[in-house]
Every structure is written in C-alpha cells, then in structure tokens.
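Labels run A, B and C following the written order; every chain starts at residue 1.
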Amino acid sequence: MMKSLKTFKIGGVHPEENKRSANTPIQILPFPKQAIIPLGQNLGAPSKPLVKRGDEVKTGQLIAGGESFIAANLHSPFTGKVSKIDNFLDSSGYRRPAIVIDVEEVDIWEDGIDTSDTIKREITADRKTIIDTIKSCGIVGLGGATFPTHVKLMVPDGKKAEYLIINGVECEPYLTSDHRLMLEKGEELLIGIQILMKALDVEKAIVGIENNKRDAINHLTELAAGFERIHIQPLKVKYPQGGEKQLIKATVNREVPSGKLPIEVGCVVSNVGTAFAVYEAVQKNKPLIERIVTVTGKAVKKPSNFKVRVGTPVQQLIDAAEGLPENTGKIINGGPMMGKAIMSTEVPVVKGTSGILLMKQEESRRKTALNCIRCSKCTSVCPMGLEPYLLLKLMKLERYEDGMKERIMDCIECGSCQFTCPSNLPLLDYLKLGKQRGGQIIRSRK
Amino acid sequence: MNEVILYTLLTLGLLGTVAAVILYFVAQKFKVIENPKIDLVDDVLPKANCGGCGFPGCRAFAEALVKSANENHSLDGLNCPVGGNDVMKSAAAILGLEVEEQEPLIAVVRCSGSKTNSPAKINYDGPSTCAFAHNLYAGEGGCPHSCLGLGDCVVSCDFDAIHISLETGLPEVNEKCVACGACVKACPRSIIELRPKGKKDRRIFVSCINQEKGGVAKKNCEVACIGCSKCFKVCPFDAITMDNNLAYIDPIKCKLCRKCVEVCPTNAIHEINFPPRKIKPEATEETTKTMAVSHQEPNENKA
Amino acid sequence: MNQFTISGSPHVHGEESVSKIMYTVVLALLPAVLVSAYFFGLDAIRVLLIAVISCMFFEWVIQKYIIKGPITITDGSAVVAGMLLAFNVPSNLPWWILVIGALATIGIAKMSFGGLGRNPFNPALVGRVFMLISFPVQMTSWPIAKPLFAEGLTDAITGPTALGLLKEGIGAGKTIDQIISDPAMPNYLDQLTGNMGGSLGEMSAIALILGGLFMIWRKVINWQVPFSIIFTVFVFAGIFHLIDPTMYIEPAFHLFTGGLMLGAIFMATDMVTSPMTISGKWVFGVGIGLITIIIRFWGAYPEGVSFAILIMNAFVPLINNSFKPKRFGVKAVSK
C-alpha cells in the first residue's frame, strides 16, 4: 500500500537536488596536525575554557564549560597538548576565542567512554540521567541551529510533549550527511530516538524523510518494525520541509503559533544527527566530538561524506575530496539555500557544519538586480505567509517597526523568496538586516 | 444690469462677512497659546531640520531652547551644529542669556584601509549597504574594523559633505560638513568621529580603530595602528592614550606639534591641512606617503 | 585568495527571469496574432509592427537620453506593451495616431513612473484610452472582418461592432430579439472564431483562451483574475437577463464580444498593476466584472473593459493593504 505523501501547505520551492554524494559511504577523515576548537559552537553564550596553555588533554576530555542557561559543554576531539587559547578567524573573517590543540596521532580516550562498535540496545538510564548525560556530553542540535539539546528536553511547566519529530528531511540541495547516517547507522539512530522518547515521556515518534531518499525510508521502515511507537513518514520533496515549523505542519498538521516554540503544540523536533549523538552519549558515554560532513559541488572530483572530528580545518576536507577545483568561485559552509559563504579554508569544522559546498566561478556571482515587477512570486513561495516584496521596501526605507508589524520576525530565513525572484532582488539580505534591527528594538524595549 | 451688480456685491459681501466672523470665533476657540519667543528663536535657526541638535527639527529645538531658558536660565547642553556660534549667539540674545562659544566640529573618518593599503582578499557580491555587509563578514581586506566602502554614510548626509573616493574606496569629508552626526550614527562600525576642526582648520588623529594585536592588524592592512606606543611615549602634552593595542589622540590636549606623526612606523596618524615639512635628506618613501594623504596649503607659514 | 566571492544566502537561483515571463506572454499572444492576420490581412501585421517598434523606440530614447540609465528594451516588456496596444485598435488606424499612442503608453504610463514595475496603471490601456479620447472617430471605425481568400470584398468595409449594435439598438428602443435578428449581428460561432467587426484583439475568443491556458501552465499568470472577471460578468449579466430578457441580452454574448476576453486574460493579469495576494486578486476580478457590465448597460460607451481595468488598477494599493496572505501560525484571517 502506497503511503500518501504529506507536505506543508503554504509556499515552498523546488531547487535542483544535486545529491551527488548520496551513494558515497561515510569515510573517516585522517586527523589534522593542529585543531582549532572555537568556544562559541552553539546558540547562546560561548563556553568558558577549563584548560590552559600547555595542558595535556585526552580525547573526549571536557575542555570548556557552559555556565549560563542556554550553553553547552565542549570536549576535546583529539589527544594532544593545548597550544594556545586565543582569537582565531571564523568563517566571516571576524576573530573569536578558540582553543588550539597540537594533535597526537593516536587517540587516548578519557576514562569511562565506550569506544567499541557494538550496538547497545537496552536503555538502562532513567529520564533524569538521560538529560544530565546529554547536557554533560555537550549535545547540541546538529541540524544547523546548534541549540543545546538538554534545554530543549526540559519541557516547561504546564506544557506536555505529545510527539517527538525526527528531522531526516535534509531538504537542502547537495547535502547528504543525514542520508548516509540513516542508511549506515539506522539501528543506533532508532535507539537514540527511543532514548529521546523516554526523556520526553512521549507516546509517539515520527521520523520525516523526503521521498528522494527511498533507500533510507525503506531501510528505516524495516528496522523500525522492531521498535515500538516509531513511525517512518515519507514526505513530498519540497524546500524548506526541514524547517521545524514546516516539518511539524507536514507530519502532524499543527501550526506553531507565531513567536512561539514547537512545544506550544506539543511537539519537539530533533535532527537525525542529534539523535545519533544522543545514542552515543547515553549508551556509550561518548561526548559530541565528531559529525558527518558532506564535501560536494559540481566540479568536485570526489563528492564525499566524511566522519570528521570537530576542529579539523576545512582545507583538510577539501584535500580529501581530491582538492579544490580550478575554477572554484565560492566556498559555502552548509547548503546552497541557507549556508554561509566563508572567507578562508583555514576555518575549522564546528558542531553545526553539515557540509562544505564548492561552487564554480560561473555560479558564484549574482545576476543584476532589476526593479520589482510585482509578480508576487515571492509571496506565493514564502512558507511563513509573509510578503517579502513589501518587507524589502520597508527595510530599504529603514522602517523597521513597520516591518515588525508585517511580521518580519516570523521569517525563517529559508531563502525561497530570493531564489524565486525574477528580478534577482536581494530579498533575504534585507530581511536578515530587518530581523537583526527588529531584535535590537525588542531588546531595547525590555 | 446695475441690479445684477448690486445684488452680486451684496451677496458676496454678506457671504464674506459671515465667513470672516465664523473664522474669527473658530480661531479664538482653537487658539494655541504659545510663547511668542519660540517663533522669534525659530526664525534665527538655519531650518535644515537635520536632527544634529538631537531634536526632531528646528521648531522642536526652538521650543527646547525657550524651555531651557525658562527653567534653567541657561542654554547649557544645547547646540546647533549647523548654525554654529553665530546662531547660538542670536538665539541667546533673544532669550536674554549668554552662551559659551563652542569649538566647531567636523566629521573625521578614522580608517585608511584603501585598496592599496588593505588589498582585497575576497570579492563582495550583495546589496550596497554597510549595515548588511557588516553583519555578513569582516571586510574585503580582512580587517573587521575596516571601512566597508558601501556608502551608508554618504546616503545619510543631508549636506553633501561626504563622498566615497573612487581612488581609495574610502569616504572623504569636505568643508560642507556641519558635524550634525548623521554619518556617525549611520556607520555600523563607528569609524567616523566628530572632532574639533582645530586652530587654522588643522587636526591630527589616529586613522585606525583596530584593537587587534599589532601582528594581526598589520597582516590585513599596511597602515594599521599596531599599538607600539611610540606616539604615546613621544607626546609632550600627554594627549595620547593606549587602549587595547590602539592609540587615541585627545583633541583638546593635542597642541598639533606633529611629533607623533613622525614616529609612527605604519603612518597610521594623519595630519590635516599642515604645510609641507622641509624634506630631510634621508626622507623615506613612507614620509612622502603621509604628505600625499593630507591636504596641503603651500602658502601657509610653518606653525 | 582574490578569486573567491562572499555573499549572503541563498547562493543558487531558480529559473525565473523577467525576460522569460515577457516572452512567454508574447508566445501566448501568437494564436491571436494569427487570427487577426487571417481576418484583417496585412493591416493587422502593419499595426502590430508599428506599435511594437514605436514602443521599443520610445523606451530606448527615454532610457538613453532622458533618464540616462540602463537600457532594458530587450527584456520584452516593451514588446508586450506594443502588442497589447496593437490589439486594442482598429486595423485601419492611421500610423501616426498609433505612434502617439505608443508614446503615451511608454512615456506617460510607464517611464514617467520609473520604468518597469513602478507604473500604477496598465500601460497599453492608458495608451488606448488616450487615443480613444483624443481621436474618437478613427478609434471607433471598425473594419469588418474579411477572412483571407474570401471572395467579393476588395476594400475594407467598416461597421459597428457587436456591442456597438447592441448599444445603438437599446438606445433606439428595440428589444433584444429585434437586435439579434439584425443580419449585421454576428452569431455565436462568429463571435467565438472572430468573424466580426472590432479591434485586432477582440476577434477570436478561442485563440485568446488558448493563449491564456498556455500562460497559466507556465505559471506566468494566475487563473483567479480571468476566472473571476468572466464569472462576475456572466452572473451579473445573467441576473439582469433573467429579470428582463427583452432589455438585457444573454450573458454569453457579453463574454465573447468586446475586449472582455482580451482584457480578462492579458490586460487585467498584468503583474505590475494587479494585486499581490490571491484574495486580493478575486476582489480585483469581481470589481472589473461589475464595472464592465455597469458601463456596458448604463454608461455612454458600448465597451467598458478598458475603463473598468483602469479604475480597478487605481484601487490595487488599497487592496494590497487590506488583503494579506494567510500567515503561518496565526489563527484568524488578519494582518
């Protein structure tokens, strides 16, 4: 029986999928000589270093701690010596504090971490232990937002989680790290989902997967038969289905109210990578020190998926994919719709890096912006029901408060509007500026 | 025929009278009682409505002046940068007060990261607004405190006083500047500062706001302040302070002796409107570079 | 390295472009061009060419010498304006009137507001109305359709359009039955295929509908505006026909005569001058339908579509303000 393909209702676009590395199994990337571990790898306050220059560290050792409410721990991804703690280049060219470690070739793991590959099915930890372990292992949302997972799991009083929704959508073109993870670590993933279900005390978990990953859907559906209350839901291919509000609408048909969090409609959303990291943390006591990163692009000789330790410079990943293509014009951290263009390849991989996309010179420059022709295509593709053409005009006139009245703060920055605009207007650029100013206005009112 | 004219005159005359009477009573009923001095003060203001005084328009400033005169018997803290001392004196005279002469200010761009001094490491492709580019990345030259050259300051200026130079890619301020402060607010990196014009329109300032360590700053820009403190040590008037690898010259203490300009190893300190120095025999390329940047008035005698 | 570029996301772009949209409209107009060439011969081609070339010329002159900005005549918008202008005029219109109309279309209605995307009124309609009011005689002498290779008629003969006959007839006190039985009045088949008097674009409803479906398929226009106009006209005219069949003709007549099809499919759907949201488009279409019928029934002109569209164009900013899209996460239909 063919499952009906659900999707979200308002808006959405269909960029070219270009999933060039979908059939490439995950390879382990060799260690770098030096690792740069930025202290601000999550949403919220940056962590404070707990080691100093000259300290010897083991793999998995706690090296920075999160002190405020929304903060996360950082662990050393390598064995080695702390070379310095200083400001280092981030992907935007600004300098942020980071810990630099001179890497030893062989791992000496911190005590208590299970490094074996055997799959541990039984979940012995209770709810509180699960959340504490997730916190101490520094697990953050690996979908890109890097929100500390333990904070997400602490449901506020008066609200109840009814559904755990797992994001296996990977709607960004080119990226395939989640896809490979679902294919190669399916069972561990499902155990991780069960752990999250226990932590949230939910009845049902739904794993949303877009229909362009049929092998993953079939594989997980088969495995999920052995797990209780986990439902695999294939979804129609449409960008930005991976946005949590759109995913919730598509899977359980509930709309998160404007300005509120998903828990408001009884849902908690988590990425498949996060669920896998939760498995490793709770079952193996292994902190978050590595993740899968896709290296891809039309000119890349060997599009690949690598298992990378945090702190590895991006240049190393490019070298492992057989080098920077000749006519590369732009290097993007992430996917082509929401990723950030980076200034240099010396920057390291961080917890939120899902892919490195190398664009050819011809594709890197924008076309000339013309007048808005009022075609309203931007309005029809906006998944949040906004009017980007109007917000653009308001932002150019610096009418930030009027923009807030037109709900600019609801914008999820998916880029569908700018993608579609026939006049090549810089819609998302101004929307981001407007949101930043709007945030300042909101903070100044308090 | 005469009847027609008579009746027309009567009718129109009656209508006019009735209208006048109604208007008179309405004017009396809805009269706004205002201090007549506000009108007098408003008349002497320049009417640029630029907001440089901190009030929304010249009328509001006139009201503030009268209010301050009535409540505090002084005009302290109120200044019209466009009109300057002349306007403030006239306004004070109307209100029967004295006002201190203020030193005229001018906007100063504290960055020299031009295309030659800070060569581009990457190409920017996006909307021509500094506000957006500042959020996106550090700058084409790599310095996170550098001028982005996209002209938010130019757009904000009501007086046609600041323009981006095609040669250097940096903003240049001309004599039309009235120091209203619009460009200072528009710059997302606070590169522009209002400084006193100085005696004979001469001023000295550190053309850099980079607070990174010297080696890091110099990698991105040839003329960055590297925080070496040579200027600090040589200043005879204690006008220079060092803060976080950056030198700052206090314009009030500075006596324009130019010793700091000579010792700066990266030519980060600029002198404006000074006569050319006698070029010493061992003049280096660097000294002549400094000369080329500042405006020259060759007929002026050496200070 | 200097070769890299940095910019904000998204870093890819879809297939849409202004030229693509405009040239799709040109393609959609081709069936109607062929029909008008069939019925009006070389005159139709002459009118089309003069209109298109004049529009492109004026846009080039204004952009190069007056505005001194970038030249955008190749984006197709001048071509579309020219073709639609040509479709609104009789095929025997003197060339100099057409050139003046093109100047009004491009110079007044489009360029003086700031070029493509900035005009509040449909440029081709402004040009048409300008010519209609300035040269009423030449703009209302309609050649009768003379199918190619037809025998007998060598010179073009002019006569009233179907709507003109209707208006005259009502004015003279005739009943509907009497008007319909007038041999000069085209029957339904004639109306659908275009075998009647009128402007180039009023001819074949079938050709226009084909073009419309093509544009809807290519997502260049939406179906809501044409449908709401046609539906409103049909219902409104139908109500009155039911009330008094001797005074008000069958609603289908109103659909296939006059510029209704042309207006509904090509003019009202002009992106620049129509509302931005679906609910707004419905209101827009209903308004046009109502005003068209009101003018046709009780107004001085036999044809009302052009004026109706221009009047509703004026309301578009108000419609945009009042009809917002469905917001995600907001319960009631509000801003």
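As a working rule, a residue touches a chain if its C-beta (ideal position, glycine included) is under 8 Å from a C-beta of that chain, and two chains touch if they have at least 3 such contacts.
Just so you know, these numbers come straight off a predicted model, no measurement behind them.
The most distant chain from subunit B is C, comparing centres defined as mean Cα coordinates. Between A-C and B-C, more C-beta contact pairs join the chains of A-C.
Distance from the subunit A centre to the subunit B centre is 45 Å, each centre being the mean of its Cα atoms. Subunit A and subunit C have Cα centroids lying 50 Å from one another.
Our note on geometry: subunit B versus subunit C, Cα centroid distance of 54 Å, whole angstroms. For subunit B, the set of residues that touch two or more other chains comprises 121-122, 125-126, 132, 136-137.
Residue positions 3-8 of subunit C are each in touch with at least two other chains.
Of all residues in subunit A, those touching 2 or more other chains are 343, 364-366, 426, 429, 432, listed in ascending order.
Per the touch definition, subunit C reaches subunit A in the complex via residues 3-14, 16-18, 20-21, 72, 75, 114-118, 271-277, 320, 324-331, 335. Against subunit C, the residues of subunit B that register as touching in their complex are 119-126, 132, 136-137.
Subunit A makes touch with subunit B in their complex at residues 87, 92-95, 343-344, 364-366, 426, 429-430, 432-433, 436. By the touch criterion stated above, subunit B contacts subunit A in their complex at residues 121-122, 125-127, 129, 131-132, 135-139, 142, 144, 212, 216. Note for the complex: subunit A touches subunit C at residues 10, 13, 15-16, 173, 245, 249, 255-260, 328-332, 336-343, 357, 359, 361, 363-367, 370-377, 379, 382-387, 389-390, 405-407, 410, 413, 415, 418-424, 426, 428-429, 432.
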